[in-house]
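Both complexes shown next keep chain A, but they swap its partner, so chain B is in the first and chain C is in the second.
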Partner chain A sequence: MPAKLIEREMRTENLPHIWCPGCSHGSTMRALCQAIENAGLERKNTIIVSGIGCSSRAVGYLNFDTIHTTHGRALAFATGIKLAKPQLNVIVLTGDGDISAIGGNHLIHACRRNIGITCIVLNNNIYGMTGGQYSPTTPSGDYATTAPYGNIDRDFDIPLLAKSAGATFTARVTAYGINEAIKVMERAIRHKGFSVVDVASICPSYYGRKNKKGDVVKMLQWQRDNSVPVKAAEKMSKEELQGKIITGIFNDEQYPEYTDEYEKIIERAGGR
Partner chain B sequence: MKKLVTDTSWCKGCGICAAFCPREVLKIIEDKVFVEKEENCIRCGQCELRCPDYAIWLEEDKNE
Partner chain C sequence: MSKRILMQGNEACVRGALKAGMRFFAGYPITPSTEIAEGCAVELPKVGGKFVQMEDEIASMAAVIGASVTGVKAMTATSGPGFSLKQENIGYASMAEIPCVIVDVQRSGPSTGLPTSSSQGDVMQSRWGTHGDHPIIVLSPSSVSETYYLAIRAFNLAEKYMTPVIFLMDEMIGHLRETVEIDDNVEIICRKQPDAPEGKFEAYKGEENLVPVLPVFGSGHYYNITGLTHNTWGFPTNNRAVANELNSRLLNKIENNRRDIEAWDEYLTDDAEILIIAYGGSARVGEDAVDMLRRKGIKAGMYRPITIWPMAEDRLRELSQRIKKILVIEHNNGQYLHEVERVAADDAEIEFIGRINGAFILPEEVTEKAEAM
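This part shows the complex of A and B:
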């Protein structure tokens, strides 16, 4: 018998999961379960949607109504679900490749609409599932299967991108800072409107190996030693912040939520 | 007091629990977690929070 939380929230018959030893997707999935319980969500009113990737496989283990969609399209499916049944708590669980490469357009428009969806990004700076190709969040200069001489693209800062596009709650946590991750995810779930939590994650098998980051313990220690809370980061220069992970909540605002506004349109058109 | 429990069939030997345990309670032997110094455990739950494979946790001791 596993721990009670795991028994309640996961499909234990599918465990142990397929993720590599030390992959942070496992501890992040546990943290999300804890956040869901802390936020008091009811199973019958909650649906979890993912795309494709190692991260997106989480939905196969979560004991909720879940939907494993196509690569990059989790938010498109989630938008449809939320519009059809606005009373549901809709959580999207996705990877950096899924949400910011192929799914980047869905991301900015979900932000712009401020639709009531919680989007948790398991951001390991790489395409893990397909063998370590660089993603839009692979830092410039880093290595990947498809960047054997170093990545010349600039990397996206997902919370900053989401905030600029109109998301009303954006935050970053780390796999190392798992207690904070639980608290921030709970707030994101409770938030009315579109919320994005970027979880700085570790993929030891590809990102770690390609960039000689050492074992999983070293990768987590690196996160611990290089995280800067947003308040402290405000007082630091661009140079000082080079290579650091800025953590915390970047914005938490109120703005009309999309399905509420849509409901008003239905009323105005005489549909209710 | 809570009991420290492991399920080595789920453990992948990543070493995270042992590395971040504040009291050096745990050890990895042949790619599996091993509770070496249970008497030092302060029931902080760090190992449970960090284990990617849900192979170590604290639970209520039913014998109390």
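This part shows the complex of A and C:
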């Protein structure tokens, strides 16, 4: 019952949203609402934090305590929230530019601390809000308004980056595979520790247009035809995986969570 | 009950903040403010509070705001280069009206400058460091004892006016050791909370004194906080009328309440014929100079701003109409001097002594200049 879901979880008075027709941010936001319900989070204890970008505007539509912060800094704000009040569930919504360019430092350190925050990255391989400049996830060779002759930067694989930095749950889903996205996001929310879900997203207005990816349907079909589940990918060569989107859960580990560890410090110092 | 304790300025800042109810500190090490972070790391867990060393000053400022939206009193401390990095999020706290305290123990700049030398070079940055027209409160202590009590006031003002407060120390005071008489009986202010039961709440309406009542996160009011121009419910808008209303309320929130905020100190101004103006560490030099001048039979006095912003300018105007010679001393190239000139230039002759090499101004230099005026 999608309409009911929207009524329950969204600030319907703020709709319609600001996104372009066909932008996948709306359906990802809806999927997140479903995942929050499925995970059984109590609204009163759930805080949603975002940075700056088209993706980060989602918080204005979500009926929770929400905070739209500064560009790249959502995880640092969220760290303050979670550490100050560990009983709160803290979810960060961010974009590829927000989290891996200006916010890259905060990302690796949140991973390293393994603080109990769920980080959902709406990764459309472009800076949507500012009109189509290349981001750290724009594939090499692709075009952007600031890469008019093709992008010579190498692109980040966000879950791989997060995993290497110590995130204890990392995954990738696609805007096309929305049911899978709901399931994986639910697991990320339930995970104890820092979790990252990279949502392969589509920006038809800029990334799509600049790179002649066709209309929205074509872009989603491309995702469907080029997604490779992580298990299958393990058996494929580097060449075969070129240009594919590897989906699924990359790691799901148990490691002491940061705010739990700080509680022990308080005990050691005699504060409890 | 009161007790006397010998302590360093930076330590007094930590103790004052704890007394005020600080229970969260995020920071990044930098001389000469580091003792504040170290003190918080030791003391906060003892009272169930939290300390975190973040990856940089930007993150520290962000974490402090994050902690504060949950209702926990939060502080960060830094010096010159780190203060520059905090500016964007200080502007955010100003716009989103999140109470917090930012300590800047000033060192000599520009850039990395002279890391271990004192300075007052961040005075204008403390007012205008972040972009856009924004309100701010800046306090500057000139003794270890005042550091303790003013740190408490910094939190009180932050909570009362829902604003970031800059606690502008300098290395001279931060590393000075003096006795503080600790009086446990001090006023502690906590931010107002809605009387309304859970449910939607018009958080950014602003009460009669223009200060908003922001529910702490997790209390069931489901509102939005943003650095974008927002309506009274906290949602982004491009509406010009709403933008004007918000920006005006933000500025008037401090302006209309300046009588309550302003603080200054005077030393022998009643019969003074020459007025020394100094704040923070410079005021220690100024006070000595006044005494030396008095011994020579010269009627000197001192006016010491404690709230650097808002400046207690009505009082300064009164003084300058009576005392026609003003000597401003600052450990910079003349930053607050411009503010003094704005207020007093029509009525008084204004001279200046500054220092930009990390050394201290000597009282003798002040008396010499004063005698020549």
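Definition applied: the second predicted complex is superposed on the first by the 270 of 272 C-alpha atoms of A that agree within 3 Å, B and C clash if a C-alpha of one lies under 4 Å from a C-alpha of the other, contacts with A are read in each partner's own complex, and residues count from 1 in each chain.
As a convention for this text, a contact is a pair of C-beta atoms (placed from the backbone, for glycine too) under 8 Å apart; a residue touches a chain by one contact, two chains touch by 3 or more.
Values in this document were obtained by computation on a predicted structure and should not be read as measured data.
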- Task: Kindly classify A:4 by the partners it touches after superposition: chain B alone (first), chain C alone (second), both, or neither?
- Result: first
- Message: Contacts for A:179 in the overlay, against chain B (first) and chain C (second): which applies, first, second, both or neither?
- Response: first
- Task: Figure out whether A:138 sits in contact with chain B (first) or chain C (second), or with both, or with neither.
- Result: neither
- Count the residues of chain A touched by chain B and by chain C, then name the partner with the higher count. C
- Message: A:23 in the overlay: touching chain B, chain C, both, or neither? Say first, second, both or neither.
- Response: first
- Task: Give one of first, second, both or neither to describe whether A:83 is in contact with chain B, with chain C, with both, or with none.
- Result: second
- Go through the superposed model and pick first if A:66 touches only chain B, second if only chain C, both, or neither. second
- Message: With both complexes overlaid on chain A, does A:227 touch chain B (first), chain C (second), both or neither?
- Response: neither
- In the superposed arrangement, which partner chain does A:217 touch: chain B (first), chain C (second), both, or neither? first
- Query: Where on chain A is chain B touching in the complex?
  - Reply: 2-4, 6, 10, 15-17, 19-27, 30-31, 178-179, 215-217, 220-221
- Residues of chain C that touch chain A when the two form their complex: 23-24, 26, 42, 44-50, 52, 54-56, 58-60, 62-70, 72, 74, 88-89, 92, 198, 217-228, 235-236
- Item | Residues of chain B defined as touching chain A within the complex | 5, 7, 9-10, 12-16, 19-20, 48-55, 57-59
- Would you mind writing out the residues of chain A in touch with chain C in their complex? 14, 43-45, 47, 49, 57, 59-60, 63-70, 73, 76-85, 87-88, 105-106, 109, 262, 265-266, 268-272
